Amino acid sequence: MNAEIKILKPFTPNELTLVVGLPGMAYIGKLSVDYLIQQLKADLFGEVYSMHFPPYVIIKEDGLVELLRNELHSFKDEAGRDIVFLSGNSQAFSPEGQYSVSEAVLDWAIENGVKRVYSVAALVTERQFDVPKVFATATSAALLEEAKSRGAEALDHGLIGGENGLIIGLARKKNVEAACLLAETHGYQAPTGEYVIDPRAAKAALNVLTQILGVEVDMEPMEKQAIEMDEAFAKMAEIERRVREEMTQSGKKPSYVT
Amino acid sequence: MNAEIKILKPFTPNELTLVVGLPGMAYIGKLSVDYLIQQLKADLFGEVYSMHFPPYVIIKEDGLVELLRNELHSFKDEAGRDIVFLSGNSQAFSPEGQYSVSEAVLDWAIENGVKRVYSVAALVTERQFDVPKVFATATSAALLEEAKSRGAEALDHGLIGGENGLIIGLARKKNVEAACLLAETHGYQAPTGEYVIDPRAAKAALNVLTQILGVEVDMEPMEKQAIEMDEAFAKMAEIERRVREEMTQSGKKPSYVT
Amino acid sequence: MNAEIKILKPFTPNELTLVVGLPGMAYIGKLSVDYLIQQLKADLFGEVYSMHFPPYVIIKEDGLVELLRNELHSFKDEAGRDIVFLSGNSQAFSPEGQYSVSEAVLDWAIENGVKRVYSVAALVTERQFDVPKVFATATSAALLEEAKSRGAEALDHGLIGGENGLIIGLARKKNVEAACLLAETHGYQAPTGEYVIDPRAAKAALNVLTQILGVEVDMEPMEKQAIEMDEAFAKMAEIERRVREEMTQSGKKPSYVT
Amino acid sequence: MNAEIKILKPFTPNELTLVVGLPGMAYIGKLSVDYLIQQLKADLFGEVYSMHFPPYVIIKEDGLVELLRNELHSFKDEAGRDIVFLSGNSQAFSPEGQYSVSEAVLDWAIENGVKRVYSVAALVTERQFDVPKVFATATSAALLEEAKSRGAEALDHGLIGGENGLIIGLARKKNVEAACLLAETHGYQAPTGEYVIDPRAAKAALNVLTQILGVEVDMEPMEKQAIEMDEAFAKMAEIERRVREEMTQSGKKPSYVT
């Protein structure tokens, strides 16, 4: 089971676009794509399993247990074109595993006539901003222009790690047009090492992505999540500022403020 | 030798149930299943070898040496139904290895008409308890109810790592009903990193499991082990309490108490 | 995609010599070979992809994105003999990966009648020098003599890690003559862990390599880079010297000077 | 090239015994087997290559370079029976690699009618001794008795890591009789992490092994090495003793004595 796509119901895509958002830094890709699946009421038609996923099973609220996996949902737009979303609770861990899983899904998409591939990822920055920028990189100047015309700024250097980037590189190698949208984030991590989700960044990425895909979704719920997170971050920053002030006055280094 | 099942004697299972208990945290799964094999005088009929097991050989009391491996024992209950136990001294280490070995055994079971799969694992908690609870997760509501009716409490979140969990997730993917029983434990580790066995937890898991399997075993020996371990833990806790008392009085931090 | 050579245009080598310079310590191999490709205006005819490369995609100045990969360029010398350069932005990470990729390229070369294989690597030393020496090791006394006659000094012990060395060892196993030139370097690393490039060492290696290959290239640009780097290193050494002086006088250990 | 045996000259073993000594703790196995190869003037007839060996090439005194590899040497005893020695400068690193290489050599031996397999390893102990004991473990009581009759003491618990142990476990699985001799050693490591060789232990192991194999070798050179090493260890222990004395007197903990 190097990487196996289990098709749950017959589905013959028309003018296929593949959109990828797997868990990564600040969960921006996952948040964006899960939100689209939910808002568009996309239809689950396939599951992706792999021996390269971390060897864990996850327990759901209903007490049922399942392997870590990726999912394929489909949505048919007004013009009858299908968008397939690749989402999930896991990425493979090793290089060989990440290549295997990304390639398995991309090859399925190619066999089904995929025209375009888009993915969403994070760009970690220390820059202070009110609204996070969205950056883009693509396999062709045409797709880069498309992203720029929708509000993204072209990158001119850098590396993207993980499957959200790899699948775009594989698309280039297989002559499929693809682009990756990267939303700015500070990439906070909880003391456990877990990433803090960034709905503000996901919303920014979605602004660009929905225009590219030509779909409309209600951004209110996402905006609500973003406002709550903004408030949480602001409180955290305020506490940090006061602690550093007190410490500077007392001469001690605030060693417990991470 | 990705994962190889070496059948030692012919065995055609009837109405097969597979019960899995491989070494993991606090060795609860291993302890429970090894105890059943011993008490039920289950019959060794197969060995599982894999290049994914840690590359060690183990020396037995009689001076003979063998590869790390898993074993398959069978027991025929009063109704003529076969229970096969998967036990052993090892799990594979890598994700690919854990998937390979779990899948090899599960596929053998499926080829032999397996109806149900059960496994036993640990749930590490800091909660203080007199009697450890047993929790459950399953591939279907029906199997979850079965476990609940036998004294387990359904989980509603979490992850289970290792083959004891993975084989249940694989069962779900292959449409075989399965459940995992998790006994509470504090998961003590010796200074070497080795887990301290928890017979109290194993006994709790066995209470539920034997009812589910419809077998009866003498729990006295296990209870004796549990009492000895309870006493050892109590002594340890008493020593810790006294040391902390003395240290608090003297003002020093008890740095050597782990 | 264990290791895949994607041929972009038909190319039938004549009297083939393979020259290898993949990224490694101080990037000496990469710098040397990239310089030759550029100076000789070698022609890109192939790309090497592998699931064993780190799972990253790289963004170029034009905003376009691509997988990490190796490249094959060809140059026909005055006598009509072809030199093929293996260069790139990546090496595989695992032993199996490094073997797979090196072997894939070497086997392609053997299928195309390769006569000789050369690679360039680094020899990290603490020795103070004005001009870095170039050392050599080879698969035969004849090729070692050839390198010595061009200014290299034979090594008599040591290990070379990575594909720049591995491909020479594989050549020996497959009865192809090969040699590795190792230029001395101090192997500085930036605080991020990234190697600082060493054009002085690359130039020294190129002095020997161009003679062996019988090609002439303009070394001015490389000399300019080397002079700039020499100045940067000299400034760094001066600062270090002054800081240590001040610290010795004040009695404190210069803990922040790396 | 999962694991490849390159046969250099035709060789048809008669009544084959395989003796294994790959590099491991204190290099006891390697030292013992290399010594036998040298003393018996065993004939090199095969090389073992693997993508699982660390990806390094090694440079010899003559300046020539080669892959890390294992070697097969043969010796025909007075009765016309062949002993094949597996030696080398490397072991595979991953579990899968260690299994692959061990199994490739063992399968070759089985195809060539192997009757017995012996290996030599280390048993690290803190016990103070004048003469290191030799312990044994085997696949059968008969082979254990054989080792005991030649001066070894049977083990009754423990684990052996690495190919020197693994090949014995694989032999048992494939129904070939095998035994491992483990010589006591303190397992000193240089500050670099490299093991210090222990010729005293190798000599002890050879005392037993040569009797089992029915061969006679001159132990003088090995005894000389052992005496030199004993003297080096004694000096080291004396220095440690004096330092601890001084430190105890001054009240400070000898933090720099490892």
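By letter and in written order, the chains are A, B, C and D; residue numbering begins at 1 in each of them.
Keep in mind that, in the parts below, contacts are C-beta pairs under 8 Å (C-beta built on N, C-alpha and C of every residue); 3 or more make two chains touch, one makes a residue touch a chain.
It should be emphasised that the depicted structure is a prediction, and the values quoted were computed from it without experimental measurement.
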Same vs different contact residues, chain C with chain D, by half of numbers used: different
Angular offset of chain A relative to chain C [C-alpha, multiple of 5 degrees]: 90
Farthest chain (mean CA position) relative to chain C: B
Interchain centroid distance [CA atoms averaged], chain C/chain D, Å: 37
Approximate Å spacing (C-alpha centroids) for the pair chain A, chain D: 52
Multi-chain contact residues (two or more partners), chain B: none
Arrangement of touching chains [line / ring / star / complete / other]: ring
Interchain pairs in contact, sorted by label: A-B, A-C, B-D, C-D
Chain D contact footprint on chain C (complex, rising order): 95-96, 98-100, 103, 136-141, 144, 154-163, 165-166, 168-170, 172-173, 180
For the chain B and chain D complex, residues of the former touching the latter: 1, 6, 49, 51-68, 92-94, 97
